[in-house]
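Structures incoming, each one as structure tokens.
What follows is subunit A paired twice: with subunit B in the first complex and subunit C in the second.
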Partner chain A sequence: MYAQMIKSEASNEDPALLEAFQARIDAGEKIEPRDWMPEGYRKTLIRQIGQHAHSEVVGQLPEGNWITRAPTLERKAILLAKVQDEAGHGLYLYSAAETLGVSRDELIELLHEGRMKYSSIFNYPTLNWADIGAVGWLVDGAAIVNQVALQRTSYGPYSRAMVRICKEESFHARQGYDAIRAMAFGTPEQKRQAQDALNRLWFPALMMFGPSDAESVHSEQSMAWKIKVKSNDELRQQFVDQTIPQIEYLGLDLPDPGIRWNEESGHYDFSEPDWPEFFNVIKGNGPCNVDRMKDRVSAWEDGAWVREGLMAHAQKKAARKVAAE
Partner chain B sequence: MKHEWPLWEIFIRGQHGLSHRHVGSLHAPDAEMAMKNARDVYTRRNEGVSIWVVEARHIAASSPSEKGPMFEPSESKIYRHPTFYDIPDEVGHM
Partner chain C sequence: MTRDEALFQFLLRMGDNTLILGHRVSEWCGHSPVLEEDIALANTALDMIGQTQLWLGLAGEVEGKARSADDLAFLRDAWDFRNVLLCELPTGDFGQTLMRQFLYDAWSYGMTDWLKGSADPRVAAIAEKAHKEVTYHLERSGDTVVGLGDGTGESHTRMQKSLDYLWPYVVEMFEKDKVDEVLADAGIAPAPDDLRAGYDDITARVLAEATLTLPEGSYVHKGGRNGRMHTEHLGHLLTSMQWLQRAYPGAAW
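Coming up: the complex of A and B.
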């Protein structure tokens, strides 16, 4: 999901080194932090893992929006635990990015300056409680499809972070589906809200896989380096195929009149998302881009004195310990 | 970067585990906070019974480019492996 719009960079390095590197990739070996790697590979990964980490952190905001308003204590506790997990996922991913020689604070600064992105989906608002169920079900569902594929990515630390994250992410998708199922099988008004959430989040969820393969000119290098192991369109199709029976079970209307089973291909046909809207959202002009960044930047700036205070205290304690010895 | 919190490597011994295993890393101002955060991030679902935190700068690591000189010498020392010894069949399992 977070692979959307990652431009991989070409390399102009020693052909012998490049060839040896490509041979390791082709043999299915994992690349580890201290191994030689092309600069383009390193940069592409810093951007992809960094943006993946940013997405986990920014993704806490749309769901966090409903913590104080969750309708039952059980749903509230589930949502709190989920948002905590997302913070942990951000942490694992920043750690993985740091093995490539960049620091977490540097990445956060790039995000705040608008020089790094996060997933387009988190620029959509959560307007009713059913959205929280739909986010767990569709957004985490899309994330899992993408991340299960990324467990086989060629960079070892990224692959290991994905294994750990997928375990927790699949909880979230089930919890989300359970929440929206309660509404779809509830009162007519609850069902209406569930349908509304599905209708609004369906296409943004499809966009999480990034532009279509024809548009995604840079993914070729990422595929050759096995950073990406499946194309955007393949993953999107997989998500559609697995999600439509879930919608039908809920008794909700399909969110797209173009959806129909294609006997010949053995897959569902579906309409393309509104790509101009997608490009507009990742350029910063989606419904919530400005608010999301404002919240992130003010949390960072308003928290500066706390971070510095903790560091000063740690240094003082360390100095005191040395003096006592 | 000004005042960036140092990086800590986290090792956890699992419920039935015999040894501590590296599970990841995190940033924290001191060992106490690193310990608290490691508990919250890495043992949320009963993953462990013991945590070690080590500041990353204290770890020395071997380099992949030294892999040859580092590990190849042991390849020729087959006498270190128990399979090297012939035990007569009459003796039975040993």
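Coming up: the complex of A and C.
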């Protein structure tokens, strides 16, 4: 899940309009850019879609960290294609956000000023090659669980972006699993790397769904507006249930001693992630927050002359065309 | 030198160019000036790594010592690499990256175009695929060089500096040696200097539109395509590129 801790905005609009809007949502209609919508709905969506877009962009960094060190030409090509897809997701999502009346540049500025967030997961480092497999398998795997649900979200452009993104993410998750499988079934050193990656990324992946429903006071309005369609805990449980058999197939040790099958509930029990750590990462104190933002801000600032140069050229070209007519 | 020995060297030259330049381009991931450029650079790098798999795959086949494309990419040391020096230079700023790409693409365009008619059908088949990609790369890098050359004062200055720095490395792409003679006689590959006129046409047109001027001076840097003397930069590139294969020999990934 790329959008965490999104607080719904309250609305003070005309009750009749709000009621009609809610009726459309309840009837399962999609809301489109030109339709009337409560300000709170618009703002919540801008924050959620913007955060999601930022996550795709910042997410290039931990994966890009291994492109130049990928162990084979094929793995290098797969990783390049994946990172390119993630940047493409960033583009669709910024475009979806633009339909709500905010520009990509405005959103980027908010990110760089620390007034918008991106997913906490990308503040963890990628330390060995198996991390690249684990990111595809666990991080994209977790993202899919959330995003498959979001295909049914009430805002049309967001919902349609999710349909396309989910197809690519499913492919990434399978590629990630294939990469970590090669290591889990490889030499003892490779298996050790795979285990290390799983142990480090398991809890951060669980945190991607956001805090427990009991503590997530902001979810209720988002659920009513169908911006969110399933609760954090439901999604997390679904992810755990689908992932544990995959860990067992790999022959890796479970990353949490609290994992056990619960016959009664029909689900796996598991330990809670370290929530104080999660809130710290969200606040900016994760292992990579400072470096990630420094990278993004300097890419933007160092590239200013390129954007300005290309813009100036486009204007000159347009002026020459007018002069010639 | 037998024809296969010459062909092996030629294929290393082709595959090492795309491998090393693809690697350099991929270094931009997540750091480019605008999201569209992140996508475009990753896409370019991806095409070049794909071409590498084909060129080095065929090189291993022609050599006949059961070396795969990965063996050739990850287990040779710097002196066995046959890429031109232009490809291994550091990325520099975005302008230098795109200027280098343009100077390479304009050569690669003429080369793959010629190779589509190679007397060796395996070479022709790879060129057929690569040429489609290179045609697009050239269009994009050429447009960007024009946009930045004829942009603001700052972008113009930066592009002119990049051209001044890179131009002395261009001549190496047209150097001719025994390998080229053998293959040109067999109709497998062109005599490199035959590609020069077409190259000069493309660069003259694009650089004029970009309001950039070719630097004075005729000194040239070379030594990559025959392996005589690479730059210091290649060793560092290989250190990171080959690390996993070197640290865990024999592992399957």
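Note that in this section the second predicted complex is superposed on the first by the 325 of 325 C-alpha atoms of A that agree within 3 Å, B and C clash if a C-alpha of one lies under 4 Å from a C-alpha of the other, contacts with A are read in each partner's own complex, and residues count from 1 in each chain.
The criterion applied here is as follows: a contact is a pair of C-beta atoms (placed from the backbone, for glycine too) under 8 Å apart; a residue touches a chain by one contact, two chains touch by 3 or more.
Please read all numbers here as calculations on a predicted model, not as lab measurements.
Chemist: First (subunit B), second (subunit C), both or neither: which does A:Val229 touch?
Modeler: It touches nothing on subunit B or subunit C.
Chemist: Would you check which partner chain A:Trp129 touches, where first means subunit B only, second means subunit C only, and both and neither mean what they say?
Modeler: A:Trp129 sits against subunit C, while subunit B stays out of touch.
Chemist: Which partner does A:Thr187 contact after superposing on A: first (subunit B), second (subunit C), both, neither?
Modeler: A:Thr187 sits against subunit C, while subunit B stays out of touch.
Chemist: Should A:Met116 be classified as contacting the first partner (subunit B), the second (subunit C), both, or neither?
Modeler: Neither partner.
Chemist: Going by the contact rule set out at the top, does A:Glu32 touch subunit B (first), subunit C (second), both, or neither?
Modeler: First partner only.
Chemist: Between subunit B and subunit C, whom does A:Leu310 touch in the aligned arrangement: first, second, both, or neither?
Modeler: After superposition on chain A, A:Leu310 lies in contact with both partners, subunit B and subunit C.
Chemist: Does the superposition put A:Leu73 against subunit B (first), subunit C (second), both, or neither?
Modeler: In the superposition, A:Leu73 contacts subunit C only.
Chemist: Between subunit C and subunit B, which one touches more residues of subunit A when both complexes sit on the common chain A?
Modeler: Ranking subunit B and subunit C by residues of subunit A touched puts C first.
Chemist: Quick check on the superposed pair: does A:Ser103 touch subunit B, subunit C, both, or neither? Answer first, second, both or neither.
Modeler: first
Chemist: Now for A:Gln60: first (subunit B), second (subunit C), both, or neither, which partner does it touch?
Modeler: It touches subunit C, and subunit B stays clear.
Chemist: Kindly list the residues of subunit A that each of subunit B and subunit C touches, one partner per complex.
Modeler: 84, 88, 91, 104, 307-308, 310-311, 313-314
Chemist: Report the residues of subunit B in contact with subunit A in the complex, numbered from low to high.
Modeler: 1, 3-5, 7, 24-27, 29-30, 33, 40-41, 44, 61, 63-64
Chemist: In their complex, what parts of subunit C are in touch with subunit A?
Modeler: Its residues touching subunit A are 19, 23, 26-27, 29-39, 42-43, 45-46, 49-50, 52-53, 56, 69-70, 73-74, 93-95, 144, 146-148, 150-152, 154-156, 158, 240-241, 243-245, 248, 250-253.
Chemist: List the residues on subunit A that touch subunit B in their complex, please.
Modeler: Per the stated touch rule, the residues are 32, 34-35, 84-85, 88, 91-92, 95, 98, 103-106, 109, 164, 307-308, 310-311, 313-314, 317-318.
Chemist: List the residues on subunit A that touch subunit C in their complex, please.
Modeler: Spelled out, the residues of subunit A in touch with subunit C are 57-58, 60-61, 63-64, 67-77, 80-81, 83-84, 87-88, 90-91, 94, 104, 129, 179, 182-183, 186-187, 189-190, 295-296, 298-300, 302-314, 316.
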